[in-house]
Amino acid sequence: MKTLFTSDYCEGALPRIMQRLQDTNMVQTIGYGEDEYCAEARRLIRSACGRQDVDVHFLVGGTQTNTTVITSVLKPYQGVLCAESGHINVHETGAIEHGGHKILALPSPDGKITAKQVDDAVKGHFDDENHEHMVMPGMVYISFPTESGTIYSRRELTDISDVCHRHGVPLFVDGARLGYGLAASELVHGRDALSLADFARLTDVFYIGGTKQGALFGEAVVITNDALKANFRYCIKQGGGMLAKGRLLGVQFAALFEDGLYLDASRGAVRQAARIREAFEAKGIGFLVDSPTNQVFPILNEGQKAAMAESFGFETWQKLPDGRTGVRFCTSWATPEANVDALVKAIETL
Amino acid sequence: MKTLFTSDYCEGALPRIMQRLQDTNMVQTIGYGEDEYCAEARRLIRSACGRQDVDVHFLVGGTQTNTTVITSVLKPYQGVLCAESGHINVHETGAIEHGGHKILALPSPDGKITAKQVDDAVKGHFDDENHEHMVMPGMVYISFPTESGTIYSRRELTDISDVCHRHGVPLFVDGARLGYGLAASELVHGRDALSLADFARLTDVFYIGGTKQGALFGEAVVITNDALKANFRYCIKQGGGMLAKGRLLGVQFAALFEDGLYLDASRGAVRQAARIREAFEAKGIGFLVDSPTNQVFPILNEGQKAAMAESFGFETWQKLPDGRTGVRFCTSWATPEANVDALVKAIETL
Amino acid sequence: MKTLFTSDYCEGALPRIMQRLQDTNMVQTIGYGEDEYCAEARRLIRSACGRQDVDVHFLVGGTQTNTTVITSVLKPYQGVLCAESGHINVHETGAIEHGGHKILALPSPDGKITAKQVDDAVKGHFDDENHEHMVMPGMVYISFPTESGTIYSRRELTDISDVCHRHGVPLFVDGARLGYGLAASELVHGRDALSLADFARLTDVFYIGGTKQGALFGEAVVITNDALKANFRYCIKQGGGMLAKGRLLGVQFAALFEDGLYLDASRGAVRQAARIREAFEAKGIGFLVDSPTNQVFPILNEGQKAAMAESFGFETWQKLPDGRTGVRFCTSWATPEANVDALVKAIETL
Amino acid sequence: MKTLFTSDYCEGALPRIMQRLQDTNMVQTIGYGEDEYCAEARRLIRSACGRQDVDVHFLVGGTQTNTTVITSVLKPYQGVLCAESGHINVHETGAIEHGGHKILALPSPDGKITAKQVDDAVKGHFDDENHEHMVMPGMVYISFPTESGTIYSRRELTDISDVCHRHGVPLFVDGARLGYGLAASELVHGRDALSLADFARLTDVFYIGGTKQGALFGEAVVITNDALKANFRYCIKQGGGMLAKGRLLGVQFAALFEDGLYLDASRGAVRQAARIREAFEAKGIGFLVDSPTNQVFPILNEGQKAAMAESFGFETWQKLPDGRTGVRFCTSWATPEANVDALVKAIETL
């Protein structure tokens, strides 16, 4: 049986979450997210965001959340600006297009886009004589951390936020792995690290991932822009995201946010990923991209890859022209130190 | 604190399910429903269906399941025949239309439609000179039990199945409460009761509800028609229904189907509902519709309604012109006998 | 060769229109409706509407126009209230649903709906506890004249307009045969007849049919509500309705509106239809519906139908349980008096 | 008044077409393309294609045609492979995505794609472990000539056709300017020139442009693959493309195809464009792309551009980093030799 580093959804949920689900199992509540557990989770998330005026909704999964948010924001003739490697552009089986909207992909070597790219795209659209024949940029989607494990700095995120607001184009952040991003920002940016409150201040809508962050499942959407709040629950229901036993989401997010468990669990994963990264570096092995979060993307030759595959599960990410392969090792809230010890040892013997 | 009879999703999950989720919590698996737990659940469901050749897929909720199945079956110019009161027609915020398809609603006083209605609709379409200007009936949707708690007999279901197959129009059964329907069929139809194997034989695709039947969440789609099997997983992913930790669905459905727990839990709920029905009958109180399943729809006057509302939660279903109100009391796998004792006593004192 | 009374699109266009298209054929213009002919047609239509502040757009056909307008108005979770017999509900192959929206059909024996129906539907929606699970009424669609040839009175239209505005739900009028409706209103309502200016005042958006009213093709959308004006041209382009040689629409609508030709041509058709109606009445033949416009719906027995079919083309509308058939005779701007003479003579000999 | 070379839709229609429309104006026909003129046009087009077994349908405009064809071919989870510069990807306001499908854009410096690109994309999709999370390539869209005025050779088109058929992925050719492409192919490829019969043999569906080729409007879709034929008229109606007076399309296409007018008119335009190209070449002016069809893309400096703009209309295509601008001069069936004489003279004096 191999030890899996394939993703951050290989295990169930944090012990506290399992306990709470067990403790509340036979309590009767009303459905669809209007119960007391959801109310409590909303209070805790608002508090963690430092804003009482945000709307908080709970959905089940990431694709569903992205589709629901984007559908709720865009007019029929609008599209969403997004890095070419953005999750909605590559790994959601065209869910956004199925909902009627074009993804306006921007080139991005490391998964990030820049304020200038957004500015150029929006100005370029309206400057074009034939703009009515083209899809209007109607919102910006970024992920934090990105699909390549990279993170935006405070300056980068602020610049994107500024250009979005100047153009009246809402900014949406996909935070499927938000905790790992925040934990990495602490390490990388120190006193200038981004916090949940920064996201609540700089975006129009973002979501706090649960599925990859220690919940069984669940994503918490935070809507900060008043203009985007109305009737969002209709969109959730239409998109199939309104869980009958909505309490399950409330119980889980309350458990994650009552005392900082969300961020604590992420910190551990980021620390373990750093150990893996350092082990590869020590062997002179390079990376596809320099990721400070819970994902590590070493480039292995055939022999190295085969050696690692004997005991460990990991994902193939990209085949390089020279025959080597960029692969992904992923830690999570669930990764035991011992697993990483074994992995590091294996790397050392490459 | 009132005792709730408002729905069959007021509690969490059956104890065995909670235990299994706990037991398997830290086991590592791959994602998206390709793990061993899902494989085991598929084996058990195929066995319960008496067919090894059916495809089984697990989704999270009912609206999502209906949308995904219907989208996967219909061509762009086709619609779905459905009782006026069908869930997809009234209570899914237009999810089917959002996916591009018209619902061709058929009148139905009790939630059921007839083979003749289907036959007339399909023949009527193709007989019309202007049929290319109209939506082509492309599939039939029925629910078992219906939204009114009624169930089809073997003859009725067979007739609908026959007319569908004669016209080449797939038959889809929404089984959000399938267990309660099967349990009621045993009581009402005796030796002629419908079984899971009958659904696997008479339909093209149907789903086995979990959410309202003792799981935390989850619906198991069974595709029996080979022509509808290809690429269904693309549709699940596009529709936002592919759970990252798909194992959660596998663990739950395996627990439900390993020894008949699914049907056993339903039988209890149906028995409790019968007690409630009899209590109302004994008081000379009539019903909106004659439901043999876990839903009971008595018609109460204002005084009766107020009296019941003191201690019990139930749903308002329909206001009648004479001032009375049709309400719904719903039992479930979770309903303790004591709760029904209290309810029956309250009814007796009306 | 039979004389056709099957529809109002059996011939080409009014002679003046053909002449103008010929005269301007080799003039060079820019495309997509931004040429001088379209500008002139807009001026004339604004003038006929008595409002300089309305937006006027030209599209090619009716289904396209309905889809484009409705898509531009509704939010994803909203639907359109409409008579059961409304064109969008029965004869556009589900174009509205293909665009993502449910049609909320209201019963209607004569093709008309009432202000009370609209009021009940909107209030009923928001009063329902589960309204988030249902499609929100987002606009009202009526046709003038209706598909049954009936017309609204000033009072009826004003009442619908009032209830729409009270609820903030835009009112859209499909005027595919608007001219025939206006001409009939003059006859039926006398000094209280509805005019183009009334439609510009009472609706949020409506369209002036060209295709059935003497143009080769074309429909002129008039948007009176400022909130619905922005970016409509994006919607036209996306919906495939932006004609490259937009001038063709400008030339035609300018010809129709420069001196009242639009209404004059309609008056003739309505007069001829009245002669047909009277001829059937004189024979004691009844009608499916009492239509004062260019459509007549007599109920014929088999013998009568066969006799008429020897020399005339007409449409089968509805088979009655007693074996008789409701049929449609349709006049138009192109109907020569002599054709009606012959038809009347044939009716007299039935 | 400037002489326009901005596009090939600046004028009305070929004189013969205007005459035929006039001659048939008051003839009565049934609607929606089922009249004798459409039947005649179908016969002529089948004959020109050298195949009696193809289906021919008439639609009004290009965006509508592309959307209708693509929607009719793709399954919900499939997308269409297309050059980055393809018309559907840039200039149709996201109509394809509005219909639910992703465009899978391939890099292309000159508007063309290669068989290898198609092969790599399809194989790459199915080779990817996560392919169910990605949009499946379901058809290939190319334009002939391309939006850059370039044309495929017989070898290139055959190779694309072969790879499509090997993978079971239908090939669709947008022929909005097909005539100009065929005429250019005669000049460039000589005895190896592509003909209408080649397109009928090598593609699964293609369309013969009318709007830019001398008709007032109209595009003729030719479906050669039996599997794509069923129920296409439903798709036309749903997409708003079924013209009530369908005869107008039949009359026009019959006029274009009864004796080779279609290709003759295109040859003239291509010869005139060649004169313009040569004039620029003689002045040492380069081109954005080497187009042998009716579009010429010279790169002008500010002075040259201003000088040309004094008397001529043309389109800005692309601003270059060095300050120069790529512009487009477009000839058509309507371009008088005298206009090109004047243009050439002006070029000579640059």
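Observations on the model:
For reference, chains read A, B, C and D in written order, and residue numbers begin at 1 within each chain.
Simple rule for what comes next: contacts are C-beta pairs under 8 Å (C-beta built on N, C-alpha and C of every residue); 3 or more make two chains touch, one makes a residue touch a chain.
Model, not experiment: these values are computed from the prediction.
Relative to the C-alpha centre of chain D, the farthest chain centre belongs to B. Counted by C-beta pairs in contact, the busier of B-D and A-B is A-B.
Mean C-alpha position of chain A lies 34 Å from that of chain B. Centroids built from CA atoms put chain C at 42 Å from chain B. If you average the Cα atoms of chain B and of chain D, the two centres end up 50 Å apart.
Multi-chain contact residues of chain D (touching two or more other chains) are listed as 76-77, 92-94, 98-100, 132-133, 234, 237-238, 242. Looking at the complex, you find that chain B touches chain A at residues 3-4, 6-7, 9-13, 15, 18, 21-22, 24-31, 60-64, 67-68, 92-95, 98-99, 211-212, 216-217, 234, 237-245, 247-248, 313, 334.
Every residue of chain B that touches chain D in the complex is listed here, in rising order: 32, 71-72, 75-77, 99-100, 132-133, 136, 231, 233-235, 237-238, 242. For chain D in complex with chain A, the residues that touch the partner chain are 76-77, 79, 90-94, 97-103, 129-130, 132-135, 316.
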